[in-house]
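Below are two complexes that have subunit A in common, paired first with subunit B and then with subunit C.
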Partner chain A sequence: MSQTDTAIRKSKSSQRLYALTWRLPIIVWQVLFFVGPLLFLIAMSFFLVKNYRMHEAFEMVNWQKMFSRDYFRDSYFFTLGLAIGATVLCSVIAFPAAFALSFKVSANTRRWALFFLIIPFFTSYLVRTFSWYVILAESGVVNSLLQFIGLGPFTMLNTVFGTMVGYLTLTLPLVIVLQTFSMSQIDKSYIEAAYNLGCGRIRTITSVIIPLAKTGLVIGAVFCFILAFGDFVSPYYLGGSKPPTLSILIIDTTKSGQQWPRAAVVAIVMMLTLFTVAFASIAYAYRKRQR
Partner chain B sequence: MSDTLVEFRQVVKRFDDFVAVKSLNLSIAEGEFVALMGPSGCGKTTTLRMLAGLEKPTSGEIILNGRVMNDVSASERDTPMVWQSLALFPFLNARENVEFGLKMKGVDAPERRKRAIHWLERLDMGEFIERPVNQLSGGQRQRVALARSLVIEPKILLLDEPLSALDAHLVIRMQGVLSKLQKELGITFVYVTHSQSEAFAMADRVVIMGNGDVAQVGTSREIYRSPANKFVAQFVGRNNILGGSVSSIDGDLALFDTECGQFALRIPEGKTFQLGQLINISIAADRLRLQQHSDSAPKNKPMDTGTNQVDCTLISEEFVGAVVTLFFETKDGTELMVQVQERELDQLKVSQDTLYTLSWAADSAHLLSD
Partner chain C sequence: MKDKLISDKLPTSRRKFLKYGAGASAIMAAPYITRVSAEPTTINMLAWYGHGEPDIVGEYEEANNVKFQAKYYAGGDNMMALIAQSPPGTYDIILSDGEFVQQLNAAGYIDELDAGDYNFDDMLHEDFTQFPGHWADGKLHSVMVRAGHLGVSYNKNFVTAEEAKSYKCFWKPELKGKVGHFDWHLPSLGQMSLLNGNGAGLWDLDDAAWQKVQDTTLSLRPQVGGFFDYGGTFNSLKNGEMHAMCGIGDWITGVLEKDGAPVASVIPDEGGIQWTESYCIGKGSEKADLVKAFIQYMLSPQGQVKSAQMAAYPGIAITKAGRKLLNEVDAKEAQRTGQVDGLENDPITLINEGRIHYRNIPVQQSLEDWNDFWSEYKNA
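And then the complex of A and B:
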């Protein structure tokens, strides 16, 4: 082997080392604070609790117990239903707003609108949730206004409606921002080409704009699903935790009898669900046409 | 063939303060291949977009097939267009793209499929019917875009610089495809371009636009050999433009003084000149004859022989294949260009240290209108 070959090999390995050095912090962080706890969570789901104390073990009993309980299954499907409902509702409500911001306003107006959509994130989600109390309560703002025209009062707190309001508070601004980003990048000539080929305005939205913005729309929906599925604040404070969602179930389980292992089972099931939904959706969003 | 299909009547288009098209009057016959040509910002694309209904005229009328189109929406016009970017839908494959227009018209699926495949095959795209458009080459995408527009069997096809993104050799091929297609189909093509070679090679009639106005309408040959005015002569290029005042008139020859000498011009039929009148002429670069200056040669009097002469030196040259353009400068600084065949150049052995004489016949100069 010549000297140059050795030199090139050396420089290549030093390049690899250089790249690794830059990646190292994030790798260490992920191993310490994500992979580690995750493995511990999985291990913990096989532990046993005796006299309110956790013992290391490898027993299937927690999994068997949780899967044989009706309340776990009911809670799972209720949470799934709520999250899907929130995703559909949020995507549908966000779309007209994002459409208007993408095609009907100037670039400057769009920038300001996106800025104002980010402002809600400046305050704590919990604070925003509590402020709905004032608005949705029996003697709140909405019912007072409805009273003027002789309606109500309606019970909005501690209902599924309340939960949905909370979910949308959390997700709507984000989904509008994501949808706007994807739609405002559509080349106008596609839309003109659609008109040119005899496609009316409404049909252009369904036949051209939505397919072109698919990736952004799906990613917006995935974020909405993830946030709603794992949220604890809205179903607890606005939905009255009746029936409990999986996140509330985790808290209840840990509180009652220190059943951390069973809570771990719930957490793992939630994570598997989110992983499946997110993976399938992203694969769908980025699917290349191969035929 | 000679029935009018499209008519622009005093069409004006204003964008805020900017006037894109100033009072355009133009009629286009059925089956005609018309090229709208001009520098960028001349209003040619706006004109095409108004015809497609993608822009609304500020005033005036656009008549298509006997119907005033001003208030007809783009989607109801049947004026398919081929975009510069092609604008093929990336989420559809070649066939689905071609079917799009038929689907919008409510043609049923088997019929759509049949017609789309027929058009793709006609444009030599038979192998690529089910290919996603992002896996096609530039030339192939071009053909899909053409098929997508033609499948609805329009009376008119609009093309907005469709070849400008292609490689030079593909441009020539696609020019052939377009010309042939237009002749076979017998439909009207309105073709917007800034490229002379595209316009001159394909169009029956070329409309030269500048600053929102029509500068000249004519066949390729008319525009190339007899540019109407200075703007056209300059835009078409390879024209030497000389301005001067008429100093004497003898029969059908007029003598005029310019900064680089006195020249003769054959007075065009029906024109009369007054002494002192300012005129501009253009002489195509390939109409100038180049020879080495020699003191012994008799000095020509343009009035006697009808031949003009001017001495000058070489400043630069430009090779485009077999044709070479040489740039000269006269004593007073007027620049003149001459086009010669590359093999003639070998015999002349041009160099920058030699004095040359350029000559041209009085009737090869062309009078410009301004």
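And then the complex of A and C:
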């Protein structure tokens, strides 16, 4: 081996070490606070509970128990349906707002608008959710206004509608921000070119803007799905826990009889779903267009 | 030269350094020493919401230089879980639902009490002196401090007092989607068991009776508008979202009624359930004497009045002296809750008439069976 080869190898190994040094904190962080707890969660799903205390074991009883219960399956599909519904609704509502912020307003207005979209995150989500009680109650603001035109009262709290309002409270500002960031990166000359080539407004949006902003739109949708799928507050307080989502089922399971192992089964199923949806979506978002 | 000046001013020898150092330390530490001696003793409490709040413990804290650090739970299962997760000695005082005392004792979470420390002769009802599960092998483990009754809770604008005399009112067609549940299986399923005519045997159900309770409960599902925690139950009744509530009683509607809401709770003809709250001293507590004194305070007439007027949720006075003082200082509340001798809705009269059944855990099924069904019911 020549001295040059040795020098190159040393240089490469030094570069790898340098890169590892920068990567190390995030690796350590993930191992300590994600991989470690995740492994414990998986192990816990095989533990047993006796007299409100967990005992280490390797039994399949919790998995068998949860998968043999109809209410677990019902909760799963109900939660999945709600999260998909919220994702579609949120993405559709967010798009015109993000489109306007990206293409129809000045940079200064966009900055202010993004600032105001971030402000809700300064307050507690629980407080924001509770504030909907005043607005959506049968004696609340919305029904009072509707009564002026002879409508209502409508039941909005403790319904799927209430849950959706809560989900949108949580996710809509974030999705608008993500969509806006994504669309404002689009090179405007592509849009001009589309117009010059005879595309109408709708065709420009569907053939140019959406494909170019695809990554951001999908990431926004994924965030919405993740937050809605795991949310406890909205389905409990605005949906009346009727029927319970998986997050509520986790709370119910732990509240009664300290059944953390069974709650772990629910949590693992939730995580598997989220991983599947997130990876599939990201793969789709970054997939190159077929020519 | 400069170094020399400094060294001249400083205590250079080891003896001088220690002397001045000790003096300076004493002066610096003096305010802290004074403060430490005045620092209140912390008493860790595990209780339902409200028991560690100033309206209950404030006066006692001030008079005895103690500070209550409260951890709140909702439901006996939740209480057991919290204790099981904590090292021994974490909680000095535990407020338990009466029916869970035997489980606390069986698990070794609470200390034995000296019956001589508490004035059982003053109890309003004989049952309160020998409350089920509070004594084991002649040894006392918990002292009952307050109670309340669960029945039909309703909005007076939508349900009449006559209709509320039976749990059947929950099935009233006009209440579709307007019946709420306090999200805990025990009180709601207990009430369904009473409706099925199980009376005193409401917790001791054989397979057929248990199946019937499940069927009755499932038939109520189309009427149900939601399952609520403590705050949600308050809100849904207050803002008119729910017109009737299953599994609660005056402990919720009493607070709203005092605020002027058109709500009430009654014990229906099928009978009601008594929730019972009892204090225990946590095993391994180093402040047992302070805790004992606090329990004595809560059983005193003043403590009983505070409990009856508790901001979070009212309970009935369980001692004769407590009831007497309540009638003197807050006749309106005594009247509202029937805590006046001779009234038809006097809680003690209801117990004597056999219309009240103490809340218990299922006898022939496990809590897990009941909870499983509750989850199934919520999903139905």
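As a working rule, the second predicted complex is superposed on the first by the 261 of 291 C-alpha atoms of A that agree within 3 Å, B and C clash if a C-alpha of one lies under 4 Å from a C-alpha of the other, contacts with A are read in each partner's own complex, and residues count from 1 in each chain.
We adopt the following convention: contacts are C-beta pairs under 8 Å (C-beta built on N, C-alpha and C of every residue); 3 or more make two chains touch, one makes a residue touch a chain.
Predicted, not measured: the structure shown is a model, and the values here were computed from it.
After superposition onto subunit A, partners subunit B and subunit C are found to sit side by side with no clash. In the superposition on chain A, the chain among subunit B and subunit C reaching more residues of subunit A is C. After overlaying the two complexes on the shared chain, residue contacts for A:N51 are found with subunit C alone; subunit B is out of touch.
In the superposition on chain A, A:P96 contacts neither subunit B nor subunit C.
With both structures placed on the common chain, the touch criterion links A:G200 to subunit B but leaves subunit C unconnected. Looking at the shared chain after the overlay, A:S189 reaches subunit B, while subunit C stays out of its contact range. Shared-chain residue A:P211: touches subunit B; no touch with subunit C. In the superposition on chain A, A:S139 makes contact with subunit C only, not with subunit B.
In the superposition on chain A, A:T155 contacts subunit C only, with no contact to subunit B.
For the pair subunit B and subunit C, the model built by superposing on chain A gives 45 Å as the shortest CA-CA distance.
When the two complexes are superposed on chain A, none of the residues of subunit A touches both subunit B and subunit C.
Against subunit C, the residues of subunit A that register as touching in their complex are 51-53, 69-71, 74-75, 78, 133, 137-140, 155, 157-158, 236-237, 239-244, 249, 252-259.
Touching subunit A in their complex are the following residues of subunit C: 74-75, 77-78, 80-81, 83-85, 106-107, 177, 180, 183, 185, 224-229, 232, 235-236, 239-241, 367-368, 371-372, 374-376, 378-380.
Contacts from subunit B toward subunit A in the complex involve residues 52-54, 73-81, 83, 85, 87, 89-91, 93, 100-101, 104-105, 130, 132, 148-149, 152.
By the touch criterion given at the top, residues 187, 189-190, 192-201, 203, 207-208, 211-212, 214, 288-291 of subunit A touch subunit B in their complex.
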